[in-house]
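Both complexes below contain chain A, partnered by chain B and then by chain C.
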Partner chain A sequence: MITKEATVAAPAPVAVAPEPPRPAKGHRAWDEAPRWQIYLPLGVYLVFTLIPFYWILLFALRPAGSTSLVPWPMTSVHFEKVWTDRSFGTFFYNSVLVGVATLIMTTLVALAGGYALARFDFRIKRAFMLALLCSQFVPGALLLVPLFEIFAELQMINSLGSVIIAETVFQLPLSMILISNFIKNVPYSLEEAAWVDGCNRFRAFRVVVLPLLRPGLIAVGSFAFVHSWNHFLFALMFLNNQEKQTIPVGLNTLMSADSVDLGALAAGGIIAAVPVVIVFAFIQKWLITGFSAGAVKG
Partner chain B sequence: MKISILGNSTGRGRRTSAAVALGAVLALTATACGDDGGGAGEGGEGSGKGKIIFWDNNGGVRTEIWKEIIADFEKANPDIDVQYVGIASTEYQSKVDTAIQGGGLPDVGGISASMLAGFAAQGALDPLDDRLDGSSLNGKLNKDMIESLRAAGGGDDKLYSIPTSANNGVLYYRTDLFEKAGLEEPTTWPRFFEAAEELTDKGANKFGYTIRGGAGSIAQALDAMYGQSGITSFWDSTGKKTTVNDPKNVKALEKYAALFKKVTPAADLNNDFTKMVAQWDSGEIGMLNHNLGSYQDHVKALGADKFRGIPQPVGPDGKRVQVSNPVDGVGLFKSSKNKEAAWKFIEFATSAESSSKFNESAGQVPAHLDAAKAEWIAKAEPTKLAADALTDGSTTIVQLPYYLPDWNTISKAENEPNFQKVLLGDMSAKDFLNGLAEQLNEAQAEWDEQMG
Partner chain C sequence: MAQAAAVAKPPAPPRRRRASATPRRLPYLLIAPAALLMLGFIAYPVLSVFYYSLQEYNPTKPWRNGFAGFDNFTHIFTEDPLFWDTLVFSAKWVVVEVGLQLMFGLALALIVNQTFVGRALGRALVFSPWAVSGVLTSAIWVLLYNSQTGITRYLADMGIGDYGVSWLSDTSTVFPAAVVADLWRGVPFFAILILADLQSVSKDLYEAAEVDGASRFKQFLHITLPHLKDAIILSTLLRAVWEFNNVDLLYTLTGGGPAGATTTLPLYIANTSVESHDFGYASALTTVAFVILLFCSMVYLRLSKFGGEK
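This part shows the complex of A and B:
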């Protein structure tokens, strides 16, 4: 039975931001530090970060057998090989399908579940939250056989749907916790004001709360996309048809038991990395805002 | 369930939406749980027509050649459709194990000696002795390879995999560097150690040898040990105690492990075959131990004229001793509902023509006797030398116990970290080999007990 407890949330008090502390006398402020103190460590860090990427680019772009440290003469033969001969075009398409569908499903379900967790109170809520958190400690490999059996029963082995559902299931707990925290950060009084103006709960949520959740939704959606893009295990286990496999599985087949085509492997790695890099380049601003907003208030 | 709504609430619709939202989440989460269920059930002979599924245990690099063989097969058998699934070798065992437990096994799969015991013990494979007896393949396949697969099957003396090829350990060395240094080819162990030292110039980043310290290190260390010690059997005369910790093997391992950092890069501690082959192909390292499988990679990287691939050096009495490499083959899964068609495919895939095509591409020794006489073998020097070594009596092969269900665990996860300790000097070769011997003797005793 559902009961209603009218616990009206008080309007959020207008916070007066305290003045930032002034730097103590004798201490040099960050903006007064010599530039080399900032750029030197950053430069060293960048070198360590970028060398592996350069190594991948080098192997992908230089001809097989070349030991040159610059990718010249440049060749696209490795890319052509993996894209056509090794079916990376198909794998890429499948990965995009799985990634986008997981993003949509995770975001929608996490939004609904997160809203319930943020706005409703019920007897097993704490236990439910604990269960959500505990589910993060269960490795996917442990659930492979039962999941496999369920999808086999549902005639879903060899269907991208099985991977999408499995990925969504494993993304949901964290996504729901994050979304519920974002929703808690939106003053309840805003929704109440919308109800007073004649909106029902869904419409109030859609026109008032949802626009304010943009950073959170982008964070959760991109996290779901990137995770499913990179995830290997479910695609390997649930998809048997070469035409259905995804990029991580294809990448894995570039290394055989006793032979490896490094040029093809590097080209495959770049193809796998590019969408993730592009996603992060476009959304990094919202991603940082989103995760920090979700992290502050529990 | 009692649900209270935080803040003002205006009715049943909101409660319903909350219940639906949570219900949807629980329903999705619930799909992550389920009962354990049926494994690989019995299949049937089928009509000999229709679709069969083939899982390749080393997918990727060999995908093209398998697709070619499948196209030939479908042309010869237009009423059978073969669906090829290439699976990376590192993931093959876990994928098959999952399918054995959860269902969904293919009709035919690549089954090498190293995986055979586990699959056979789970009852997933169909014995092939009777089918082979009635086949045109009978008498045409290398007997040693058949026996190797029969022995690896788990002790019931049945054949679960028809051999396609054998691999063999190869010592690759850079002919250009040897010539420049005026060194003789490393056909004996003293020459090998001498060349490793002579070719090392750490200041110039030149090394005589690259050692395998990461994944797969144990088999390579065993090869170096038995090769030097000349011991020809993995078990003593009682068959209950392993010879790995024989004093001769201990001494041989001490000498081999002492190469680390003295004549090898320090990064070799984590060398798996990929890193080891990559650095040999792109640097100035004199020698590398690997198998026939990487020959084509070396040709692409260095050109065929800059290196040679020869069998392991001979021991002190002029005899060569090597440890066995897993024989590869194809097997028929018990759950197949179209075994007649599946067997037709296995026969075709292991026939002289297909075996020749496949092994020319893989650079390995064909199991089919007629394929082993093909012209290409004479042109692929390491394959020819390996084939000769395996058949001309010059080499004694120490058979590793692939039949032990624990072999993969003992020779990999449980002892590779200890071998790294030996390389770093944190553990003596004697302690390492005594520990390894204890585990192997225990596993053998368990196996003997199970076999009655």
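This part shows the complex of A and C:
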């Protein structure tokens, strides 16, 4: 670190003369901890994070019965078995359907409600906000029985619609609170200016507000997708037909078998992980800004 | 375009006033879809749980169904040791998980908030388990803890521990084993939320503190921590409720076993309703769990003075 400091300090005066000399100490202050204080704990934590990922890759790629610590010779047997014999192809399709539908429904409904909460004062607003907050304490898992009865009444057991509705409903409150905070961050005067220019309310919203909401909507939408992709209990309860099941249910089936086929389980796990890891890598940047904009602060 | 034209049609009132006047029914129309969904699929089920909690209701024993008054509740509090056992385990699980996740999450957020080479990649890797489901986490840790080819085998190869140990089937090791598995995916949640909140700390404060000669630890104590307070209170509360309610991980990793050693209250409730079909009793348990949760949350928000100093 000492050498680095020296090299940084030396060329500075040569480079751009008019720039006031940076108060080296002052700027190093909080942002610049000694390097080892960053890399050492980060490295240790990375090992903890990555070993489990490596482990599942290892089991998915090496032949059954191998105890080698490197996945070599590589085999795709486990993937082929899981995709066709264990119907993960079907599960994958179902999960995508549920995830995308939940994403669209959650975002649209939460956008409408969030706009109302951000821009209007109306009589039941306080009661509605309170209901949103209270719903956070309602355990979805504990409502399985009444929910099952409702969907049975609606003839929706064994239909993906039941899972989509249930996932959307439990995503809504938080999504709506977040979105209403995003909208509050957009100055109302922008919209008003658009009205003056002859836009109606909907158009003003679409043209002026919506583009500014992009990071927030990406955060909320991906949250809804990842959540419904991952969630397990609703699908387990409402979908009995194997043709309709989703990936987490398939994984659970593999795990609860009498003798667990570790290779198949690992390959199934990778299939389950790939879409969310891709989504995550893509949205990671927006997630931080999205949440910091939507942070629950008056 | 068409819309704009349509709006411009009635010529009389001045544009500006008409556009900004709030149509009285619009906010209600906008919240209607959300409100209807939540009424139908949250409020109604909650009410029916309250209703069933006062009933003897078991589809497999229909001849006994009927109004039960507070029988279910008296049974819970006086004759059901499993209720107390699982409640205590739930409390232990929530406190340990949330405490450790907050500690590691805060540390991690502070670290990746620094500027250093490879930060973007470091962040992405460290946060990645956040996106992994409870079931997948179980699958991964089942592979890791497995007695034949799990991590213990390789540790034993190196002379650490014994061969053939399965941490998940021993009552003395199952708790820490499950805690570590859930930490793996829970820490990034806190790290992400705290990192998001760290973005809004004013740099000026640190510079001022630096001028005053405050150490980095003091800066953390007097600037960073107070700034993060509300975010920490809120995220610990949300997480605690979530950890209490969520059954995915324990259901698939241990199934509440061995010998009930990792059965949380919600897991017990799920078993009561799904396996023994005793919906009335499960509903009473759910009601009790809900009240406990709400009460603890209120106390927590009160004690932590959430939103104070504003």
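As a working rule, the second predicted complex is superposed on the first by the 261 of 298 C-alpha atoms of A that agree within 3 Å, B and C clash if a C-alpha of one lies under 4 Å from a C-alpha of the other, contacts with A are read in each partner's own complex, and residues count from 1 in each chain.
Here is the rule we go by: a residue touches a chain if its C-beta (ideal position, glycine included) is under 8 Å from a C-beta of that chain, and two chains touch if they have at least 3 such contacts.
Just so it is clear, the structure is predicted and the values come from calculations on it, not from any experiment.
Overlay on chain A: chain B and chain C clash in the combined arrangement. By the touch criterion stated above, A:Met74 is placed in contact with neither chain B nor chain C. When the two complexes are overlaid on their common chain A, residue A:Gln242 makes contact with chain B while staying clear of chain C.
When the two complexes are overlaid on their common chain A, residue A:Val207 makes contact with neither chain B nor chain C. In the superposed model, A:Leu130 lies in contact with neither chain B nor chain C.
By the touch criterion defined above, A:Val47 lies against neither chain B nor chain C after alignment on the C-alpha atoms of chain A.
When both complexes are overlaid on chain A, the residue A:Asp85 reaches chain B alone and has no touch with chain C. In the superposed model, A:Ser259 makes contact with chain B only, not with chain C. When both complexes are overlaid on chain A, the residue A:Val277 reaches chain C alone and has no touch with chain B. When the two complexes are overlaid on their common chain A, residue A:Ile165 makes contact with chain B and with chain C alike. Within the superposed three-chain arrangement, the count of touched residues of chain A is higher for C, of the candidates chain B and chain C. Superposing on chain A, the segment of chain B with clashing C-alpha atoms against chain C, chosen from 76-84, 220-228, 274-282 or 328-336, turns out to be 274-282.
Overlap of the chain B and chain C contact sets on chain A: residues 67, 109, 112-113, 115-116, 119-120, 122, 124, 128, 135, 138, 143-147, 149-150, 165-166, 168-170, 172-173, 176, 192, 195, 200-202, 237, 252, 254-256, 260, 262.
Considering their complex, residues 25-26, 29-33, 35, 38-39, 41-42, 45-46, 48-53, 55-56, 59, 67, 69, 109-110, 112-113, 115-117, 119-120, 122, 124-125, 128, 131, 134-147, 149-150, 165-166, 168-170, 172-173, 176, 192, 195-196, 198-204, 226, 229-233, 237, 248, 251-252, 254-256, 260, 262, 265-266, 268-269, 272-273, 276-277, 279-281, 284, 287-292, 295-298 of chain A touch chain C.
Within the complex, the chain A residues that touch chain B are 1-9, 64-65, 67, 85-86, 109, 112-113, 115-116, 118-124, 128, 135, 138, 143-150, 152, 157, 165-166, 168-170, 172-173, 176, 188, 191-192, 195, 200-202, 236-237, 240-242, 249, 252-262. Residues of chain B that touch chain A in their complex: 1-10, 12-15, 17-22, 24-25, 28-29, 31-37, 53, 55, 58-64, 83-91, 95, 98-99, 101-104, 106, 167, 273-274, 277-278, 282, 290-294, 296-297, 300-303.
Only residues 3-4, 6-8, 15-16, 19-20, 22, 26-28, 30-31, 33-35, 37-38, 40-46, 48-49, 52, 104, 107-108, 111-112, 114-116, 122-136, 138-144, 146, 149, 151, 153-154, 184, 192-193, 195-197, 199-200, 203, 206-207, 209-211, 216, 219, 230-231, 234, 238, 241, 244-248, 251-252, 255, 266, 269-270, 273-274, 279, 282-283, 286, 289-290, 293-294, 297, 310 of chain C touch chain A when the two sit together in their complex.
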